[in-house]
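Two complexes are shown next, each including chain A; its partner changes from chain B in the first to chain C in the second.
What follows is the complex of A and B.
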């Protein structure tokens, strides 16, 4: 959107909006379990997410390709990558996953972005000293 | 102007043993479709199926079935139909597969297509007739094919009796 010019003609302000900027979307998620001391391996976590996709979207949903890029076992925080058209399915099935081996659990979605670089910084965890 | 729209899928159920076809009823077919959709598309598909899905017409003699789906999600539910391998009725499992012949917006358009399709099938049966008498019967049946008000495809009675005789040869030829 451009501002109305005055006689001085100041620099025009332009905002560029990119649609479908990136073929992938990246998510930073954290798994919160009832029993804090349980540990999952990366394979277990991926299997758990696939089972969630399967219960909500069936076999067609379980076939959705997503990648676990980075996983921190101590804090149970993971970086996921999925094709943009599969983002809604993945996010909704993460929301509705509630039981891990009879323990109550929840996925906290910390950040979502079409660009991986955007996940490096987070204004919530910003420390101004 | 503002109207609830549905899509009607005209499907044909193919079974290896024609005698088992007569055991089918619409509730069994509906249950089989719902199970296949729930397996392929999960809770989301099962919920879409519960809105306006029903089996509108089933002909046990020819294996033709009309399925109704809501217009906005009929392609998703259609994609689950090839995964139906058997239909369970009265404790028996009938192995079969569904073949979709036509998609229509109303039952009437599907009915018109079905009449044209059946006349083509009758035309194909003529060269395979064993004697002159059967040929006469088929030709008479073809001339009788009409769409009458309030009556479903009215020439089916003749069709089923000849289909039983010539159907084995016809099915073999179609498979080739």
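What follows is the complex of A and C.
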């Protein structure tokens, strides 16, 4: 963690700027399958992502710790949490995953942020029609 | 190779501690121009306070106008004091337009549209290796932009004949009432919308313990990232009760923690800063009168707004977040955390 700027003033006021201090990055992803009626459980999905890490980065890559925070079985949409240092590995594994049990698939990365809070307020979801 | 794989985009978080009664209180300057969503969390609260409910039911509506030509933003005097933002335009792909109440007009354009428009602009900070986006910023209250002036005519001609840009717009309610917009609205397809309010009562939820010791502790020692993560988990209805040995997730509530009930309220739409101030005022009153030891208010800006705080350019590369989260305490002090995207300038 590095502090870019700290201003201390008398009384209560304090300001701290934290740069590159977020330990985690969060991803909102959606799995698109060739057969849209296919359903996966949360455990299956996590195992599938681990297999993607394994095929691209080997056993050392598959040991990358990430969390499946939330999963919607109907829309196959998931919130993932990974250490910031592992973001590139996880994201690239998701990009290159193309087969699930012999059917074509793709991961759509809908949003990536160092703040989980940012994933809950995406204005692109605003529907007024 | 390993270092390249471990590199992450820049992450910026500003944390401030201050008080509402402080002379140098900077809260007003930290308001976003375009507010999409506000989330309120009240711990130890079984039902919404009646005054807060009244404010939520009385929020100002906003308008959606279809296919509005952008030159109308210059030619319509009744738009003074109104905020307008292009709707369903993506900042990293499409042309986006924003008009602020102080008369600042910001156009974020792709290269072809910028060259067609033919007015002065500058390359966007949010380009990759080559300049593919340009930003045109105009102060409509400047003397050079007065109707009939050279700058005004050049921009108007560009928008009317060279780049005939039209898009759907979201407009805030005008300060003097909706009647002043009727002439403009009558010429286009429009609809009025109310912000969507949702309330959730959470029972037996793990909350971080916010004590008076925490209020006075140093900002660097009370990790804001864990707090914001927990707030995000509550807002997204993500469970924080996971064992460290769980296969799926190890997310848990920051320590020290307590189990309590809480009220979560979300409002989304195009929200006026004045409405947010009214909600904030009610939260401060609630804290004075109730037994709650803290309350939280989080405001999200629009991802696709060309400006975030003030007239600072906002962009979307990997993410377009711009938000702030207020943690309020009964003694009229607060903590604010402002988060923004990787390439944005530092929040105020």
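In this text, the second predicted complex is superposed on the first by the 108 of 129 C-alpha atoms of A that agree within 3 Å, B and C clash if a C-alpha of one lies under 4 Å from a C-alpha of the other, contacts with A are read in each partner's own complex, and residues count from 1 in each chain.
The working rule: a residue touches a chain if its C-beta (ideal position, glycine included) is under 8 Å from a C-beta of that chain, and two chains touch if they have at least 3 such contacts.
All of these numbers come straight from a predicted model, not from anything done at the bench.
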Which of chain B and chain C A:54 touches, first, second, both or neither: first
Partner chain in contact with A:85 - chain B first, chain C second, else both or neither: second
First (chain B), second (chain C), both or neither touched by A:67: second
Residue contacts on chain A - larger count, chain B or chain C: C
Which of chain B and chain C A:46 touches, first, second, both or neither: second
Contacts of A:115 with chain B and chain C, given as first, second, both or neither: second
Which of chain B and chain C A:17 touches, first, second, both or neither: second
Doubly contacted chain A residues - partners chain C and chain B: none
Contact set on chain C toward chain A in their complex: 4-19, 22, 24, 36-37, 39, 64, 87, 90, 191, 193, 218-220, 224-225, 228-229, 231-233, 235-238, 247-251, 268-269, 298, 300-304, 318-319, 321, 323, 325, 333, 339, 346
Chain B-touching residues of chain A, taken from the complex the two chains share: 54-61
Residue ranges of chain B in contact with chain A within the complex: 37-45, 79
Contact set on chain A toward chain C in their complex: 3, 6, 9, 11-26, 42-43, 46, 67-70, 79, 81, 84-89, 111-124, 126, 128
